[in-house]
Amino acid sequence: MDKLFIPRGVQRTSLPKFLLWLLPWTGLFAVGIYAIYLCLAEGLFHTNMDNRFAFGIWIFMDLTVIALGAGAFFTGFLLYILRKKELSAVINSAVVIGLICYSGAVLVLMVDVGQPLRAWFTFWHPNTHSMLTEVTFCLTCYLVVLLIEYIPIVLKNRKLRQIPKFLVFEFELHKLMPVFAAVGAFLSFFHQGSLGGLFGVLRGRPFAFREELGIWPSTFFLFVFSAAAAGPSFIMLTTLLVEKLTRKRLVRSSIYQFLGKLSGSMLIGYVLLKSIDTLIWINSTSPGNGFPAFEFYETQSFGTWILFSEIVLFGLFPALILLSSRLRMNRVLLFGSAFLVCCGIMLNRFVMTIQTLALPTLPFDEFLTYAPSWEEVAAFLFVVAYGVILYSLTYRYTTIFPQERELALGRNEEHGELSAAQSTDDGSRQNSFSAKTVNRTIS
Amino acid sequence: MKQSITRRDILKLTGSGILGVMLSPLPWKLLDDSAIWTQNWERTPKLSHGPVTTLFSNCTLCNAGCGLQLKCVEGRPYYVSGVRLHPFTHGSLCARGISSHHMAHHPLRIIHPHTFSGNAGSSRMTAVSYQDAVSAVVQKIRSAKGRIAILDHQPGRAISEVYRSFLQETKNGIYLTSPSGENRTLDAVKEMLNNCKAELGYDFENAKLVVSFGAPLYDGWGIPGRMTALKNGQSCKFIQIDGDRSRTAMQSNQWISITPGTEKLLALSVVFVLLNDNLVSQSVRRTINDYSSFKTAVAQYSPEATSTATGISAKVVRALARELASAESAIILSGADPGGGPFDLETEKIIASLNLLIGNVGKSGGIVVKNNFPGQELHTAQIQWTSVPDHSIEVLIVDSSDSGYALPWNLIEQKLVEKNRCIVTLSPILNEISAHADYLIPAPGNFESLMEGPAPASNTTAVFSLSAPVLTRQENCVEPIELIKELSAKLSFALVIPTQEGSLRQRAETIHFAKRGSLFIYADQQTKSVSDYSTPDDLYNELLKGALWMDEPGKQIPVRSMTLSINLSPFFAEQQGGLKLIAYGWRGTTSSSQMSPIMSKLFQESDLRSSNGSVSIHPETAATLGLKKHEYATLSTKNGMMTVKITIDPTVHPNVIKASVGPLPNGAETPLNPAGDNILNLCEVKSTGTWRITDAQLLKV
Amino acid sequence: MAHHGRTTSESIIMETMNEKKHKYGMVIDLDKCNGCGACTVACAVENNVPPAVEKMNSRNGITWLRVSNVNQNESFTENDTVFVPMFCQQCEKETPCLTVCPQNAVDIDPNTGIVGQIPQRCLGCRYCMTACPYHARYFNYWDPQWSDGMKQQLNPDVSPRMRGVVEKCNFCHGRLHAAKEKAASMGNREIDPKEYVPACVESCPNSAITFGDLNDQTSVVAQLSKQGNAFRFLSRLGTEPKVYYHSTREWVRAMAEQKGPHSLRDSQFSAEAIHG
C-alpha cells in the first residue's frame, strides 16, 4: 500500500525504517502536545514568563522560524515574478519549509496568547496602528497562500494524480501560482517587516526603539532584508541535511551556488542597513531618549560582543564569502556561511526579544534573567518535531526536489563533479543503481 | 431510476457542504460563543449585585483599636476603610486592617475543635468534640499541681476582668499578657513609682520631644493613625535611636545610629549626663528614694566611656541629654519590636527612668495618668514573663485575641512544666502557639461575633468600643467567654460569668452610670456627651452601630516618690564581636497573627515586606561573606540552623543579620509555622526576657 | 458581539452628562511615603485582584500598585531610602500600550484621560506589557482564586478578570463610575470631586497621594504638579505621564532622571525582583 504512494523513479527507504525514523519525533511531538495542553487548559503559569518577561522563548522562536521560513516567499518571488527558473529546483522544499515554519509559529502563538479563542477579535476590532495587527493579518493570509501553494505538491503524489479532478485542479492551480506568489511575497514582505516593527515602535523600550522611516521604524526594513538573506541560506542547509540523511543528491550544486549568492547579496545589503541603523541609534535615537546606547551593553552577559557578532561575525563575514564566486565553490565555506547567516538571524531575533526585555527602563529596575520552563521548551520542540514529520512525509510521498529523479539516474550535466560525499558513499551508488533497475522494470 | 454515486459526487458534496456551512451563521456563531464563554466562564467568580450598605465598626485585630467603615454588599463587607475624623486614628488603617474582612474566610480557617499528638504541626491534628476537649481541660485543671495561666493579648477588656476573676478561683492562677508591646515603658514606670496602681499613657499630642529607643513608631506602633498624624503635624520632634535606618528612622527628625545591643549603654550615659551635669531638677531629685545609689551605679557610664561600644560620640549623647532636660515636655520610650521583642528588663527600666528623671511623668506632654475605667479596679504593672518561674505553668489557656506582637515558642516553653502540661488555644486559625497546643478550639472569625474594641495602652484616656457581628458565625466556634463559663461551671467555681453581650452591656451601664466622657459617633462623625443618653441601652446601641467612648482626661498629679532600684549587671562583659541576628517584624504579620491572603501583595508578590526565612544584610557584610542577593545561606545560632534567603539592604547595620519574623516565604496566606521553620526559634530567649539579639553565623549554601 | 467595552448605563450617563474634559492625575509626595503598603492592599481589595497562589512571586504576581524600596547608595551612614509607589502612569501622549494593542483592548477615555484596559476584549498577547516602560501591566498567569467566602466579598463595582488577560491600574474606574451614577441620579452634570477618590489615595495614612483634575488649575493636584520639586519618571520618553512625584531630596529627583541603566551594574539603586 505504502509503495503505491511513493513517487516513480525515486528510491525511498523501507516503511519500517521510515517509521523508526518518525518514532522519536512522534514522541517529541506527543510531549509537546501535552505541554501545550497544560498551557491551554490550566494557564500560562506553566511557563516561566512573567510580567517583565512577557515574551519568552516562544516569541523568540516565532520570529526566528518566520525569518528562516522566509525562503518560501523570497524564492517564490524570484521564481514566479522575476522568472529565475533555477529556483524551481528548490521551490517545493521552500514552500514546505515555509508552511512548517509559519504554521508552527501560528500554532505556538495560539498557545502563547492567554485567550486564543479571542484571537479573531483582531479581525473584528483591528487597531490599525498596531504592528501586531499588521502581523496577524499578513500572517493569516500568507498561511492560506502557503497552504494553497502546498496543495499542488501533495496533489502531485502518484496515487492522488490518478484522480482526474485533482490533476485538473493542480494544473489550474499551477497556472495561478505566480498570482499567489505575488500575493505571498507582498504579504510576507509586510509581516516580516511588521515583526521587526513590533519592537522598533516600543517607545518605552529605548533599547529597541528606532526612528521611523515613513510609517515604519527602521527595524521593519531590517527584518525584511535579514529574512530575505536567511531564507535561502536555510533552504540550503535543510536541503543539505536531507541530502545527508537520505544519502543522495537532490539538487545540482549550481543551485546551491545560486542560493548562496542570493543570500550573500541580501545579507550585504542588510549589513549595510544595520550598520547605518546602529550608528543612528547609538548617536541619535537612544541618547535622544536619555539612554546612552553603550550603557545597554554594560549589563552582565549582554556586552558589545553581541553587536559585533550580529554585524561582523554573522553578517559581513559570511556575506563576503557568499559573494565571492571562488570561495563559494568550497562547500565547507558555502554551507558554513549559510549556517552563520542563520545563526545571525537567530541572534538578532534573540536580541530583539530577550535582551530588550531583560534590560531595565526605570532607574531602580534591575536587569532580569529568564529561563524557559520545560513546557515552553517542549512546545518549542513540538514545532521542530512537527516540522520534521511533515517534511519527512512530504518528502517520502512527493517529489519535493524535481531534480532528484534526474540526479538519481545520473543524467545530469554536472555528472563529472559528483560530490565527495557521494562518491565515497557506496550506498548511494547502490541506490541509484537499483532505482535505475526499478525504473526499467516499470517501463 | 438507479444512480451510482461517483467520486465526483462526493467531492461536489464535500465542497458545497463546506461552502454552505461557511455561509451559514453556524461557524461564526460558534466563534462568537466560544469567545463569550471565555468572558463568562465559571473560573471567574460572579459578583453579587444586592444592596450596598455602609456599616461602622472597630478593628479588634491588635490593640490599636481603629475605627472602621465597612462597605457591604448584601450585608457582607467588601471594602474596609478608616473613619475619617476618628479621634485617634484620623481615618487611617494599616494594610492588615484594610483586608480584615477576608480573615473569617481564610482558606485555612479552623472550624472544628482539634487535638494534637506528637510534635507541633498540622499533620498530627485530629478533630475532637468540644465537650471532650472541655472535659479534658477540666480534669487537667483539677489535678494540676503547677500553675494555671491565661494568656490575654489584649488586656483591659471586659473579658480580661473575667479571666482575672477565674484565675483567682483556681489555686495557682496567673494572668499573662504579651511580653512585648507599647506598655513596656509604662509598666517599668509604674514599678519605679513604687509599684503603684494606675493607668498610664503617652501624651504625644502635647509633647515637644519624643525619643524612641528602637520603637517602630511610624511602622505600626501604638495607634498607627495617631503616630502618623503626629509625624505629619510636626508639632513635636522625633528622635529615633535605631541600629539600622528603619522605616521609622528615615521618617524621624533625627536618627541616632547605634550599635545594636548597646541601647542600655546609651540610656545609662544619658542618665549619667543628666545626673552629673545637674540636669535633674531639685524637685525631682527630692522624690527619688535611692538617688545616691543610682548615681553610683551609673558612675562608670560616662558618654566617653560608652561611645566606642555604642558607636555614638559623647557629644551627641550630651546634646541628647541636654535636649531632653530642656524640652518643655518630652517622652522617652523603648522598643518592643513586633517581631524582635522587648529589650531586657534592665534596659527597659533605665529608659523608663529617663522619663522620671526629667520630671515628665504625671505631666501634660509626658507620661500621663488616665482615669480608671468606670467601676473597675486599677491594676499594677502586668506580670513580667521573667518573673514567672521556669517550668511552672501546667495549664495554659490562650485567648484568641492578638496583640500583633510575636511571642517565641521558646519563651512559652521555658515557663511550661516539662511533662503532662496542657495548652488550650482559642483561635480562628492554626497560629504558631496553636500548632504546639493540645487543644485548639475554633474561635469566631473576624466580624463573626460581638467583640470589644481593645484598649490601647499608649492612649491618654480609657476607651470603650464594640465590634458587632457582621458575618454569619461558623457553627462550631466558641467565644472565649463561653469557654471560661463552661470551665467555671464544670469546676464548680463560685463565679457569675455573663455572656459576651452581657459583659459588654455591663460596661456600657457603668459608663452610663458614671456619666463620664463622650461618644464619637462614626456614622455622622459627631461627638455626643454620655449624659445625652437617657438609658444605658441607648448608649449600648449607639456603640453597637459604631462609636468610640472616650473618658475624660485624667487629673495629673506630680510624682511624690519613686524608687529607681536599678542593679546593673556587668555589661561590658556581654559585648562580643561577630554577627548578630536581630529579628524584626511588622505588627500583626508574625506567625502569631492572622492575615488576609491578600497580604501576599506585600510579602510574596512584591518585595515591600520580607517574609519569614528571608534575612537582610548590608552590602559590605554580603561582600565579606561572599553572598549575593537572593542566594540562599545557612543561618545558624546556638538554637539551631535554618536556610534563609539573602536580601541586600544598605539600611541594615553592617554587623547585623536582620531577619524577618513574617509569614512563611511564598505562603503569605499560611498562618502555620511548623516548628523549626520559624526564625524566632533561632533567637535565644535570655533569662532577662529578651530575644532581640543572638550571636549568629551566616554561611553560603 | 462577544466583547463589551463600556456598559450601556455608562454610555447613557456619559451622553446625558455631556462631560467637560478632565485630566485626572496624581502627585505623590515621596518624602511622606514610608512604604507601609496600605495603598497596595487597598488597591487589590478595591479592584478584586486575587491573592497569590503558592507559586506566585514578585515577578508574576499581580500588584496594580507596587511600592519599590530604592536606596541612594551602599554606605550605611550616608545612605538614604525612598519608597516609590509605581503603577500605570496614565501616559497622555503616544501612550505606549495604546498603540500596540492589536484589538483595541486598551483605550483612553477622552473625557478623563484615563487609560483603560478592556479585559473582555484582551487577547492576552502581552505586547502592551513589553511596551510599558513602567512595568505597570500585569498578566493573569493563573485563574483568579479566592476562597468561597472571599468570592462573596468581592467589590460589586469591579468585574474580576479571567485568566489569560492583562490588567492594570485605571484610577479605580469602578469608583468613577459610581460617582457618575450618583451625580446623574442627583441630576448633576459633573461629579463631586470628593465622590471620586481612588482607593490608594483614600487609604494612604500619610496622605502622600493627591488626586484630582490636572486641567482644573485651581485644584491642589494641578498646583502641586507645577511645584519646583515635582517630577515624573521617564519623562524624557515623551509620553507625558499624568502621575507626578514630589521630593525635596535632590538625590531622589536625580534618581528619577537617572540616564540609562548603568547605575544598576554597581547595584546603586537596588529594588525588588526575585526569580521564582
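All chains are identified by letter, namely A, B and C, in their written order; residue positions are counted from 1 within each chain.
What we mean here is this: contacts are C-beta pairs under 8 Å (C-beta built on N, C-alpha and C of every residue); 3 or more make two chains touch, one makes a residue touch a chain.
Just so we're clear, the structure is a prediction, and the values are computed from it rather than from any experiment.
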TODO: Indicate, using Cα centroids, the chain positioned nearest the centre of all protein chains shown.
DONE: C
TODO: Tell me which chain's centre, taken as the mean of its C-alpha atoms, is farthest from chain B.
DONE: A
Open item on the list: Roughly how far is chain A from chain B, centre to centre by C-alpha average, rounded to an integer in Å?
Closed with: 62
Task: Centre distance in Å when chain A and chain C are each reduced to the mean of their C-alpha atoms - done: 41
Task: Centre-to-centre distance between chain C and chain B (centres being mean Cα positions), rounded to whole Å - done: 31
Task: Junction residues of chain A - those touching two or more other chains - done: 115, 118, 121
Task: chain B: positions in contact with at least two other chains - done: 35, 38
Task: Interface hub residues of chain C, defined as touching at least two other chains - done: 1-3, 55, 57, 61, 68, 143, 162-164, 270-273, 275
Open item on the list: With touch defined as at the start, can you tell me which chain B residues reach chain A in the complex?
Closed with: 7-8, 11, 31, 34-35, 37-38
Task: Interfacial residue positions of chain B with respect to chain C in the complex - done: 32, 35-36, 38-39, 41, 43-45, 47-50, 52, 73-74, 76-82, 92-95, 98-99, 101-102, 104-107, 218-220, 224-225, 228, 231-232, 245, 247-248, 250-251, 257, 596-602, 604-609, 618-620, 629-630, 648-654, 666-669
TODO: Would you tell me which residues of chain C are touching chain A in their complex?
DONE: 1-3, 53, 55, 57, 59-61, 68, 70, 84, 86, 94, 96, 99-105, 121-127, 129-135, 137-143, 162-166, 233-234, 236-239, 255-265, 269-273, 275-276
Open item on the list: Applying the document's contact rule, which stretches of chain A touch chain B when the two form their complex?
Closed with: 115, 117-118, 120-121, 163, 165
Task: Residue ranges of chain A touching chain C (in the complex, touch as defined) - done: 43-45, 47-55, 112-116, 118-119, 121-122, 124-127, 129-133, 135-136, 198, 201-206, 289-292, 295-296, 298-299, 356-357, 359-370
